[in-house]
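Here come two complexes built around chain A, the first alongside chain B, the second alongside chain C.
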Partner chain A sequence: MAEEKSKVIDNRPGWIASINPWVLRVVNNPERVAFVLHRVTGILMALIIMAHIFVTGTPAHTGWEAWVEEINKAQGFSLVTLYFFFFAGIAWFHGLNGIRLLLVEFFGVCIGKPEKPKPPYIAPSLKACQRKLLYLVFLLWPILWAITGYIVFFK
Partner chain B sequence: MVKKGTVQAIVQYITAILLIFLLTWHLVIRVPWLRGVETFKDTLSPNLVYHEINAYGVLLLVFAYAALLHGFNGLRGILLEWTSGKYKNLITIVIVILIVVFGALATYTVIGTPNPNP
Partner chain C sequence: MTFDPQAATRTPPKKVIFRIKRYDPEKDKTWWEEYEVETYRGMTVLDALLKIKEEIDHTIVMRYSCRMGVCGSCGMVINGMPRLACQTQISEVASEAKPVIELEPLKNYPVIKDLLTDFTKFFNKHRSVKPYLIRKNKEEVEKGDAEFLMTPEEHKELYEYTLCIACGLCYSACPVAASDERFLGPQALAYVWRYVSDPRDEAWKERLEAVDVEEGPWSCHYAASCSAVCPKMVDPGAAIQRLRSVLIKYKLGLFKKKTAKKAVIPKEQVKPKKPLPPESKLVEGVDIEALDKAPVEIPVEELIS
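Entry: the complex of A and B
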């Protein structure tokens, strides 16, 4: 039993570490902020996807009348438009940062070349263009979210 | 030998690549001026929605399954990390059930949506 227990490594910082960008006390660490935001938006997306699949099935489950009734609320500031707005905001960040992660992790783009460690021991990946991609994500996210807000609330 | 963790990561990456294109398409078809209608609300009108389901049903299903696989596979990874793998089997079973149930719901939506103008 004791042997079995020793196989499990405790998650000592706990789940709160997943939503705390400063759990590692490192300055100038926007990658950690992006990690936390990606994780939080990912969890929210997984939950919203279930609601979205259920709601978009309304015409098949209860008919078009119920759908039209809901869609009539999709103008101005209502619960329906707020739902679309927040869902889009979450999706924009997760998608944009996901593209960055695919480029960096899957395709190995923008991570710099290995070099001999020398003071001040800054990893090449932290100096490579993945950092610029990250700033681009933080720049594009509010712009695209604002455009979505304009379409959802004012069009 | 391929390890299970690697398979999980590959599933995440492949579905992510699919989702970039499918989610962009899914959002773009809600832009009023690209659909030739006046408002966002109009892009959700029964005729347009039924046309989308009828014409792009397979694409919508690929989108739904890719989103479910990506989302729940990611959620499984997070839950396993939070619990240090203690409830691996339980978490995997719940995640598989959720994928099957919501996959079935999405399939029924594509197949069972009636014509608004019969």
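Entry: the complex of A and C
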């Protein structure tokens, strides 16, 4: 036994932590949910843009007018409108939360001021205006998504 | 971390089940084990663990030292959240409805045995950011007779960040560190900001340039879990955002730190330092065996007089 090296476990959750905010159940931390949603929506948009370029390249062979007309006709619940609706949801969250992240990560604002710890010991950045902006994102997101859905499906 | 100052005054459930994630490195085996513990008011998770170790199962391994939230060695995942075991009241994490507490070793660290994790890499990252005051004139520090002044306002700006006890909970909570082992992590980066923003430190340029790498603040995505779990309210998440925005300004040539103030000799008389006797310095090359035969006697009385 003496020579044998004991094993250790690598206890990192890995990429799962990027798609599951509840790998840990950290309290008072909606930012983590936003982090996961932002990452997932960003990656989905990158994938969708590739598909988008591929699809919008097709009419080059079949004629643009007919294609544009067909897209304009898309109404009610079809594969095309459902896809638009799905994309709108992704884009609204990523865009809205992206503005918040730009303020926080690049300008270093909205994260409060350092303070002396006192009960109940909540870190300043978790009660600063970025948190209010986050709640605003979670409020505006479904509203704007629903409005886009209305336009996509019924207008 | 949010603390409820009233928690210690509440009575926890009379009996609490501890579900502990065990790991035996010799058999390379992981399993969950349950222990029932009788509680009392004011009992912490660490108290319960020690009780289990004393009365039920001596083989449980964990790390602790101060048992009062100062040394930072008893971090573990308690009911899914990284916490200090000694600072967590049973009444905070167990209820009559669910008298169960789940304990796991900290995530993002290699597990040596049971709840014991290996902090070597974490401390190496801490070391790599040079967590100490750097002055251009080394003598000022080495001589130790002068004071480096700052205003109370300047002190307030960085006081929060000086409270870190290197418990590593923030690193354990970080979803970036979960997949990228190279990431310096909240603790080390908060330390970089603590010294970059310190009006007495003169190495801000070197610090900013050293941290302008992929594993530096650029890798942070502000999930803010670090700030949510920190038991000392250090707010490492905010420190990283400040560091990053200053780094952006610096790279655009828009940031210049105020030059540090000169060190001043205090006006009051400084007592000349007495040199320590050679035996009191336990440096490399000390002959422990020889010391065993003739125990060291540090002339404490003489030194403090």
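Here is the rule we go by: the second predicted complex is superposed on the first by the 129 of 155 C-alpha atoms of A that agree within 3 Å, B and C clash if a C-alpha of one lies under 4 Å from a C-alpha of the other, contacts with A are read in each partner's own complex, and residues count from 1 in each chain.
Note that a residue touches a chain if its C-beta (ideal position, glycine included) is under 8 Å from a C-beta of that chain, and two chains touch if they have at least 3 such contacts.
Model, not experiment: these values are computed from the prediction.
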Checklist entry - Can A:54 be said to touch chain B (first), chain C (second), both, or neither? => result first
Checklist entry - When the two structures are overlaid on chain A, which partner does A:88 contact: first (chain B), second (chain C), both, or neither? => result first
Checklist entry - Can A:112 be said to touch chain B (first), chain C (second), both, or neither? => result second
Next on the checklist: Under the stated touch criterion, which partner chain does A:79 make contact with: chain B (first), chain C (second), both, or neither?
Outcome noted: neither
Checklist entry - When the two structures are overlaid on chain A, which partner does A:151 contact: first (chain B), second (chain C), both, or neither? => result first
Next on the checklist: Output check: A:66 vs chain B and chain C. Expected answer is one of first, second, both, neither. What do you get?
Outcome noted: neither
Next on the checklist: Once chain A of both complexes is superposed, is A:18 in touch with chain B (first), chain C (second), both, or neither?
Outcome noted: both
Checklist entry - Between chain B (first) and chain C (second), which, if any, makes contact with A:104: first, second, both or neither? => result second
Checklist outcome for this item: chain B and chain C footprints on chain A meet at residues 8-11, 14-15, 18, 39, 101, 105-106
Next on the checklist: List the residues on chain A that touch chain B in their complex, please.
Outcome noted: 8-11, 14-15, 18, 39, 42-43, 45-46, 49-50, 53-54, 56-57, 59-60, 63-64, 67-68, 71-72, 74-75, 81, 84, 88, 91, 95, 98-99, 101-102, 105-106, 148, 151-152, 155
Item to check | Interface residues, chain A side, partner chain C - complex | outcome: 1, 6-18, 22-29, 31-32, 34-36, 38-39, 101, 104-108, 111-112, 114-117, 119-126, 128
Checklist entry - Which of the residues in chain B end up touching chain A in this complex? => result 13, 16-17, 19-20, 23-24, 27, 30-32, 38-41, 44-46, 49-50, 64, 67-68, 71-72, 74-75, 78, 81-86, 98, 102, 105-106, 108-109, 111-114, 116
Checklist entry - For chain C, which residues count as touching chain A in their complex? => result 1-5, 23, 25-26, 28, 30, 77, 79-82, 105-112, 117-118, 156-161, 163, 173, 175, 177-179, 181, 220-225, 227-230, 232-235, 237-238, 241-242, 244-246, 248
